[in-house]
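Got a structure for you, questions after.
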Amino acid sequence: MKSDIKLITSEGKRLDGRGPEDIRKIKIEAGVLHRADGSCYLEWGGNKVLVAVYGPREAVPRHTQNPLRAIVQARYNMAAFSVEDRKRPGPDRRSVEISKVISEALEKVILTEQFPRATVNVNIEVLDAEAGTRCAGLTAAGVALIDAGIPMRDIPVAIAAGKINGQVVLDLGKEEDNFGDADLPVAISPRTGEILLLQMDGHLTVDEFNQAFDLAVKGCHAVSEIQKKAVIHKYQTIAAEVQE
Amino acid sequence: MTIVPIIKRDYITNLAAQGKRIDGRNFDHYRKIEIETKVVNKAEGSARVKIGNTQVLVGIKMGLGEPFPDTPNMGVLSTAAELVPLASPDFESGPPREDAIELARVVDRGVRESEVVDVQKLVVTPGELVWLVFIDIHVLDYDGNLFDAASLGALAALSTTIVPAKRFEDQLPEGHQKEDFPLPMSEPPISCTAVKINDFVLFDPCFDEEVIADARLTVATDHNGDIRAMQKGLSGSFSKEEIQKVIKGALDNGKEIRKKLKEVTSS
Amino acid sequence: MKSDIKLITSEGKRLDGRGPEDIRKIKIEAGVLHRADGSCYLEWGGNKVLVAVYGPREAVPRHTQNPLRAIVQARYNMAAFSVEDRKRPGPDRRSVEISKVISEALEKVILTEQFPRATVNVNIEVLDAEAGTRCAGLTAAGVALIDAGIPMRDIPVAIAAGKINGQVVLDLGKEEDNFGDADLPVAISPRTGEILLLQMDGHLTVDEFNQAFDLAVKGCHAVSEIQKKAVIHKYQTIAAEVQE
Amino acid sequence: MTIVPIIKRDYITNLAAQGKRIDGRNFDHYRKIEIETKVVNKAEGSARVKIGNTQVLVGIKMGLGEPFPDTPNMGVLSTAAELVPLASPDFESGPPREDAIELARVVDRGVRESEVVDVQKLVVTPGELVWLVFIDIHVLDYDGNLFDAASLGALAALSTTIVPAKRFEDQLPEGHQKEDFPLPMSEPPISCTAVKINDFVLFDPCFDEEVIADARLTVATDHNGDIRAMQKGLSGSFSKEEIQKVIKGALDNGKEIRKKLKEVTSS
Amino acid sequence: MKSDIKLITSEGKRLDGRGPEDIRKIKIEAGVLHRADGSCYLEWGGNKVLVAVYGPREAVPRHTQNPLRAIVQARYNMAAFSVEDRKRPGPDRRSVEISKVISEALEKVILTEQFPRATVNVNIEVLDAEAGTRCAGLTAAGVALIDAGIPMRDIPVAIAAGKINGQVVLDLGKEEDNFGDADLPVAISPRTGEILLLQMDGHLTVDEFNQAFDLAVKGCHAVSEIQKKAVIHKYQTIAAEVQE
Amino acid sequence: MTIVPIIKRDYITNLAAQGKRIDGRNFDHYRKIEIETKVVNKAEGSARVKIGNTQVLVGIKMGLGEPFPDTPNMGVLSTAAELVPLASPDFESGPPREDAIELARVVDRGVRESEVVDVQKLVVTPGELVWLVFIDIHVLDYDGNLFDAASLGALAALSTTIVPAKRFEDQLPEGHQKEDFPLPMSEPPISCTAVKINDFVLFDPCFDEEVIADARLTVATDHNGDIRAMQKGLSGSFSKEEIQKVIKGALDNGKEIRKKLKEVTSS
């Protein structure tokens, strides 16, 4: 049933006109919120994501504290109006799982050992959802953490590769996600190439997996450049304001 | 429950005694208001409202369902507010607390009692099938005066809402309107809020003012200059004169804000 | 639609025979419960309300304590059988909001600064509901607080005014509440005239508001007299028992 | 979990050794019982029961709905108990705790298993539409022995319940009885409770006795002198002889209480 | 309606062929789990029950501690697949009540005064349910507590008696439980004969009660022998393993 | 959140540096796997899986109900996991925590995405009535590697499930198959998990290894040697080479485990 829908032409043209390795349009802005310690607004194709970082601050209740390092608590939340059929507000099983895998991915790059007993809260709000929100959220979280001045080994970045109509492609769109053959979200630390997040649903041969995996890593590096530009732009704006 | 920040309170009240506020405004002035509509694609209507640094996003989703048994000839409005932990270090995830519930209920009454949405035009089959309107308030950045920002956001989002009849055509009966159409709306009331600090009445409180305020009063007024809703909050009291002062300020500010809303939503 | 129903005659006679400024029958009894520190039973028209006060006692958990004053926690609850169609037991959004505005109103008159770190619990149970339960609950709470010996600046009291068929009236009854034009519950401190609670739903011109507001304040003073009689009656009964 | 109040315990057991109780009663005597019915207007049936200072209000609401799939020819009974914070400084608001759940379930079984309500007469359309009976127990003042007060309250409230057929006439099928009628009831069993403190068996414990009691036993008996339900509670044990003693006392006290209930509900 | 179903012949033969005083087949195995401090697997007719004991260990949160003795927290839980129609996972009102009466019964025999501020957790999982699960659970809990080395006055044991078609019988089966006249679960301390748990639903004359009660106590003693064999078998196995 | 048990970690990593594990296994070896099916009478299918001391029981219940609106021609699969306090001193009763949710979702995706259950054959009336399959995972003893034990348990339980058409014959339409039949299944993918501790990759971690592990990777592979699902966990990272190593080990171990599963479920 899945393969009935034509998602890519024999010339490699996808439903939205992209080629197999093209990434949807990405726009990143750092420091968009007043109260948060750090924040980021990101648009990625039809996705709109807002991230606020609070911390490091003392973890409460106390029994959640780790005496050796900070804990990282990411909370991925979809707004009720972010999807076609209204979603009930509040966490569901899907968002709990995504919060967990994002928390674990971020923990690897944050220098948590500098802040024993503290917590770093990363609040990811999906305002508009159109395939790839967990990668969009993690990518925005990386920028918001920098904006908050949280010490990190690297800025984490994520993108999904996948397979549609038997062909490996980068950055699945909505129909590709729904009717494709496989989805492979990957997050990396771009400086070291370490894999921070990896999930796979669908059906890939080992060769296809390797191909998709390499494509995702390549995509991560491309998105990483956009992240860095957003961070630099923010600092330049601040510098300009200070000079005025 | 935090200790009242006494130093901050002294600073603000000393300024007030000289007729000043921490951000330089007059007592009855609002911060800069920005309204942006159609900010979310998946929603049938949406608006982002900024009042100073306070930022609220409201999305409208619509669906089809049964009317309430006691109002078979009316569509259904439903309002929920999420004080997501994004917006303030003090907001927590979890079930909505009393603050979020009060906010949602005050916005809800403002929309419902003022009959700004013509719910009688949202009936498909009386007693059986009506349009449901879900108003979801997402507080993004909290620097005071959520009531006004959320009310204004709800009105702006509703004003630009398109009823998605085409998407639901399979569920609509034969012969029923199956083209999308704008949500039927009438003139909206505008909600304005002031707080009392000592004997001073300050409109559109920012976070620092709100935190030390004694009492809060929200008044919604319509284009005829009538009152459509009121809500007093916090543990301080008002005198009758102070209430009159808030009503007057609500009428004056309401006029300005209504103009701004119209500009945005009619464009 | 609202104005289709005739709620008041041109002679100012209401559905239950009252005139525009008449209050439904009120009966107040203080000290009706054994375990509570203070209590009050109140009937107001078809409303039946029971209030129990506990405290001041140490607030738990500790992080809810205010080191400078007592916190006041009113809990307004409707019995499942108090309304025509059975209500699910437990708090709903309406009762959470009413609990909040009543707590805030009571906090103003209680000398909370005398009891740092303490809590005063005011439990309001609506046993029979027929328009005006929040005012009935707050009025009964005032008496129960006195009965509990909680130091107060004044006995708070409440009543609603409103508009029906275009006319301003006092103390809305059930049909008047459902089909009227506006509802304006007001609570005051009768000694000073300070407004402790104020809500308004519906549609009033500024003149009508002023008229309704003054009527509500007048009504508060009338109800205040009934409160005081109940308190005095309780003390006289105790005195008589002591003398026996 | 509180420390057992040792001094209070010594006082009560010393008295008991002399055959006395703190309020002067005999071991097998009840405090004064008052039953008042029709105390709530909105309920289809209601009763306030006082046993000494313990006070319980029970309200009955009725509605129409589907029967359970395995009992298509029976109306539905449903019992809930709220230990509202009104009644005791130790009760808290929030979801019902195990004490409230046990109370509701014991009262529920007492009503259900004894078949005191003739649920077969509450069927409108077999398998489709039946009367639902909601028994809501509101504990108002807690001075011990809630099981007996709540059971008695439920029976008194049910005995005076009028099925509101007229109010629901629109939902009732053609030709069905549309006049109000009394809830069909048969002879009720009466629940009596005793506690064991050391080797003493005391009926109708007050709060101070209940708090230090080792074990509790509730026995419901009917007008034929048969046993209809039992529930042992607390972490102490009973001997067979003690159980016999409680059954005997339950039969004796039950007779008196049944008489009182009849007087009130037949008037 | 209940008496319409023939549950026992005039010769005293029950649906599954048992006589009035016959107990269903019971199989008990101690020490079946690795992580638990003590455990027991029990089959009783069609019932399958697994019990794990943890403790004594410090009770958390601290305010639940009793400074004079350990608290006993039994948790009776039915697996979603243990009944004909799938049960929603998690506690319901029935399981909360059963957990309470089992906790109270166990507290009497455990030497709780030896472990102030501690908790003993008894987790009872019903994997297959077929009448009499609370008695099966309590009986298995007795063995698991011994296996955990918790000091006890005695091994508690339980069984139900009841009445079917007017006749008193021991250990009700499924149809007997559903369509019988009365159900009387009883737990005792077999050394002293003290009654630890007693519930009754249905209709018994006082004479029938006495008869059923005596039968249940007799049944408890019979089950107690099977418990003891399971405990001894466990120790013999350990001893054999040690010698090897 | 507990302090990482440094001594235990040192012990395990020192052993690993010598190519050894605490229970004597090779890095890529599994503990002894035992699969027992039909262990619960009331369930339509069931299996108890032991991997070393880890023990999981999976029961399958079936019912009839509506399909999801977007898949009118498919039966419904639903997976839940209970980490009951039986299984570990660290598991608590209450609503499922994130660990239980992740476990259920990973098993659910493994079953759903691999299309091992032929849900298109579970339709009774398209869009109206389909078979519902409830997969309930009960963790009985937790000594590491729950993902593999739960996945294997789910597959074994599903493989022996009988659709109880006879029991539901009253709810099935005229002319529909009313004899019980085996749940239609195709070749299952097998899930294999490894953890990384320092630079060592260890398959089938026991509890002590899991507790100190840096990262975890689960890979499900099918009988063609293709990959059907992956899930990385914990806060450490993997290199590409390490991922390759885990895939290879998952293919090798998967083959063995598939053989064992077939032996058990075809008998």
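Structural remarks
Order of writing sets the labels: A, B, C, D, E and F. Residues in every chain begin at 1.
Just so it is clear, a residue touches a chain if its C-beta (ideal position, glycine included) is under 8 Å from a C-beta of that chain, and two chains touch if they have at least 3 such contacts.
These figures come from a predicted structure and were not determined experimentally.
Touching chain C and chain F together: no chain.
Seen from the C-alpha centroid of chain D, the farthest chain centroid is that of A. Most remote from chain C, judged by the distance between CA-atom centroids, is F. Distance between chain B and chain E, defined via averaged C-alpha coordinates, is recorded as 58 Å. The geometric centre of chain D is 27 Å away from that of chain E, both derived from CA atoms. We define each chain's centre as the mean of its Cα atoms; on that basis chain E and chain F are separated by 32 Å. Chain A and chain C, compared by their mean Cα positions, are separated by 52 Å.
Judged by the touch criterion defined above, the protein chains form a single closed ring in which each chain touches exactly two others.
Tracing the ring of inter-chain contacts outward from chain C, first into chain D, gives the chain sequence C, D, E, F, A, B. Those residues of chain B that touch chain A in the shared complex are 39-43, 46, 53, 55, 57, 59-61, 63, 80, 82, 84-89, 93, 95, 134, 136, 138, 140-143, 207. Chain contact summary for the complex, chain C toward chain B: residues 63-68, 71-72, 93-94, 96-97, 99-101, 103-105, 107-108, 184, 189, 192-206, 209-210, 213, 217. On the chain E side of its complex with chain F, the touching residues are 33-36, 46, 48, 50-52, 54, 57, 75, 77, 79-86, 89-91, 121, 123, 125, 127-130. In the complex of the two chains, the chain D residues touching chain E come out as 1, 3-4, 98, 101-102, 104-105, 109, 113-114, 217, 222, 224-240, 243-244, 247, 251.
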